[in-house]
């Protein structure tokens, strides 16, 4: 099986989760309040009071074929809003 | 070496950590306040005030033989309460 | 590409991030409020009010050559202050 | 008269902020009170209600209707789950029926607090020992619920179906919210006897801030309840009906007992509210741990998605009218 | 006289705590107010300012200068982005210019609140309807900003450049902070009419704690603003100049309009502050979603890193002097 | 007389809530005050105690016993670590001995605050300059601790054993809690002189809420201290003895100095409490960074697991009796 790690802005989280559901993923896990740095600059929690939002880290464990559908749904979002997505191998315990 | 990712309810965290210790793991890392969706439905932080709890994400880096013992301690908990567990390869930096 | 997972004390986070930047990494992701157990004992959020700090989990996706430079900057910090660092393979989605 | 009471209740800040939270969900505003801020208010309210109850208990003493009322309250928290279980078994399996039954035998502290605020705006007196009744109704309902699980479960359970009663009793008696409420009650009781000056210094925190903090917390409760309401729709007509009629039935029962106990209208309303409200804090937490076979979206959504809003918005004034009719015709 | 007003403003706890936050960053103290605690204070301040505005609106009634003032405020929130855009286009692309323009058309609730506190220490009266003006200035600025994006963008945008106006309007009108402010205003208005006793019980929370909570929150705002100031230095002289001169220009415009409306000195100052302040809550959140092409560090750093401190520290007393000169020479 | 003071102290809400927290851990209740809520209370208490101290300092002026008392306090924060180090080296290596020594040279703000509350319930006056003494005792102890590390360490340290004194001084002087305390003190001092009206508006926040917030925070401190107590048991009899006898020794020393300074009973008690308390906020944070060779569970568990509860529960009334005997026989 495959493991997908997504790091995106909390503001885009709903759209990403919708895409994950649409791809037929068996589930997902979300960690909010994530900060970091990438091509688009630094993201901190300092403006948390503003609704501006930090990042979210989403993990999906799924079959390779789900991954193909995920790629289609998520690539456009990452392209427009930024964020990273990496895939590795993972086996059920 | 191996990397184990567990995602379980915060309510079962103590039992899981006890099982990890019992398996002789050299350590573990815990992230709480994790949300997600799986076969048993959605988990959010909305009822946080109630002691109902969100999910926790537990990471264990260990030798393959520890993993075997972990499997025995953790599988029954996952079977009864739900949650997911995936293994991948990892090497010390 | 490679994926580096670092788990260190929040108190050393600034030094670690500086080392990551210095190694020319394209970015990083940070999760704070992480707890756990390792060779140096347990780390909880119980003393959060004290500035003592819990752990932080840092993820870096990068090319293997960046990893070599990261190793040099980060190993001394881990040696002196404690913490763990593991590497796995990861491919862009 | 009913409708005027409903309106008087409706147009107070706590209820209006509750609505504001509900509407935020309906119109999909991104208004959010992030964790653990709701926990701050929830801990504060338990601490404050307990402390104030302890003070009043010290002043009034443990006499007259105190012990009979508390005994009756505990009795109701044992009886309501049994009746509820019988009703719920018509449509649900044993696990779900038992978990929901336990929920309705227990109480909602926020509903109780809102009823107290309602009484205050109606200038009707009420007593501190009702807080003791509140505190003592959580645990018995949990235990009855788990006994029902044990009796009803034909299915294989782990540890060969043996209940770990130690863990169960622990969960029932030492749940954080029960513990804080009882502890604060004792602290209020002891402080009032020994250090009136220190009580004086607590009051700006426990007393003056109370109403505003309740309103803030109800904003969050409105958000959470509205999110749950969607779940409930999926759960079907039977559970929706149960969420409204069971409280009404328990309220009538409660009002009759309150009359038997000779309670004044204030205490009688609180007694009725205890009977009619359902737990969405201690009981779901205990059920999640001890009856994982039951579907949380059933027992949380009934208690929180419908019974709670019903009680907050129309229940309290309705029960007041009931009390005025049944218990204290002159009140 | 200006300098005495500046000093009077400077040596009050809210402004001093703001400085304490700024200095913490400059000397690299590890003082930190971790999330979501700032959110608690920000929600509280919106709730309290809205509630108090609603009470006052109920007492004063909706008459006299109320509607013209609100109309003028909304007009300014439409006009300021247009002027700002024209200025910003001299140096910036359409996306960034539009996002910053929207920011300056909108308002800063904390600046407004600090100005109210300043008026209170000056014992100058002001009215609740100004809070309604505050609440109604967020959304129009967002919409104008997005219209400007649409007009100015030659670049390819997703969905073939079609704006999803539903989403945009939703973001503009139902943003959490706008929603809470308007909702609390309505709740204050309704409660004051129907349940004076319940209003009485809210006041220790919404009124007595207000000044201290503002001070605490400004400590955090000082930290955040100082962190942003570093970004702004990188953004260059043009934006730095804009962050100071645009508010001054808008303030003069606002003062003239306030005179035209016949506002008293208290309301006039608030009107000027609304015109001169820039949003760092609702608008950046909306821009981040709908104009990802714009660089957030531009529109946040101008509004928060420079305009906000400028207004808090010297702007408010300066505008007071302006109002004293232009609007109410006898005041 | 001692026991009556102990009882009077014991039966106040702050101490009772501390016990409630301790017992929660002992009976394994799941009561929890999740991060960052304790931080909110800790920041609030530092802000409030600093602000109030500043007000009082402004009113009393900097004269009479102010400077000698502050000098003596700083002197004690230099001397206590030296004595403690000599004792601790009997059993511990240089790193651990130095870290614990620094901890005991510094102070516990919450112990100080609880002592002030105790004085208030005893109606004994005390002065704002004692807060200045409190604020100035954190940094010197850290610096002495690090000097001791340097002198005692034969072991190889990174950077070839060269201390980064810049980092160390930074940690010692600009630690968030020291910074907030000193800053709030200055703000109180400045506001009181320049804007009495604004001080008036701060008081409901800084003054009225103080006692209740302290009680809430002590509930959490009880939980944390009890968790630490288990660690301490593992640390062995020597450190357990040290955690009780060192404070007693320092208290007697402090009482003698207080007599020398001619302090009244209120200020004398606070002086003694400063000497007898140990830091579990600023110093551990600094030691964690600069002396990673020392075991945190030693220096935190002694200060927090035993010395803190000892002082809160029996220390304060005991020291009061000591002061009554030694310092102010007529008081």
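Note that the chains take the letters A, B, C, D, E and F in the order they are written out, and that residue 1 is the start of every chain.
Everything that follows uses one rule, which is that a residue touches a chain if its C-beta (ideal position, glycine included) is under 8 Å from a C-beta of that chain, and two chains touch if they have at least 3 such contacts.
Keep in mind that what you see is a predicted model, and the values were worked out from it rather than measured.
The chain with its Cα centroid farthest from the Cα centroid of chain D is C. Distances between chain centres, each the mean of the C-alpha atoms, put B farthest from chain E. Taking the mean of the C-alpha atoms as each chain's centre, chain C and chain F sit 33 Å apart. Distance between chain A and chain B, defined via averaged C-alpha coordinates, is recorded as 20 Å.
The geometric centre of chain A is 45 Å away from that of chain F, both derived from CA atoms.
With centres set at the average Cα position, the gap from chain E to chain F is 41 Å. Touching of two or more other chains is recorded for residues 30, 34-36, 39-40, 175-176, 204, 208-209 of chain F. Shared contact sites, meaning residues of chain C that touch two or more other chains, fall at 31, 33, 51, 88-89. Residue ranges of chain E in contact with chain F, taken from their complex: 7-8, 11-14, 16-17, 20, 23-24, 27-37, 40, 117, 120-121, 204, 208-209, 211-213, 215-216, 219.
Against chain A, in their complex, chain C makes its touches with residues 1, 3, 17, 21, 26-33, 59, 61, 88-93. Taken in their complex, chain D has these residues touching chain F: 35-36, 39-40, 43-44, 47, 51, 170, 174-176, 179-180, 183-184, 186-187, 190-191, 193-195, 197-199, 201-202, 204-206, 208-209.
Of all residues in chain B, only 4-5, 7, 31, 33-39, 55, 57, 67, 70-71, 74-75, 78, 84-89 touch chain A in the complex they form. The touching residues of chain E, counted against chain A in their complex, run 34-36, 38-39, 41-42, 158, 175-177, 220, 223-224, 227, 280-282, 284-285, 288-289, 292, 296-297, 300, 304.
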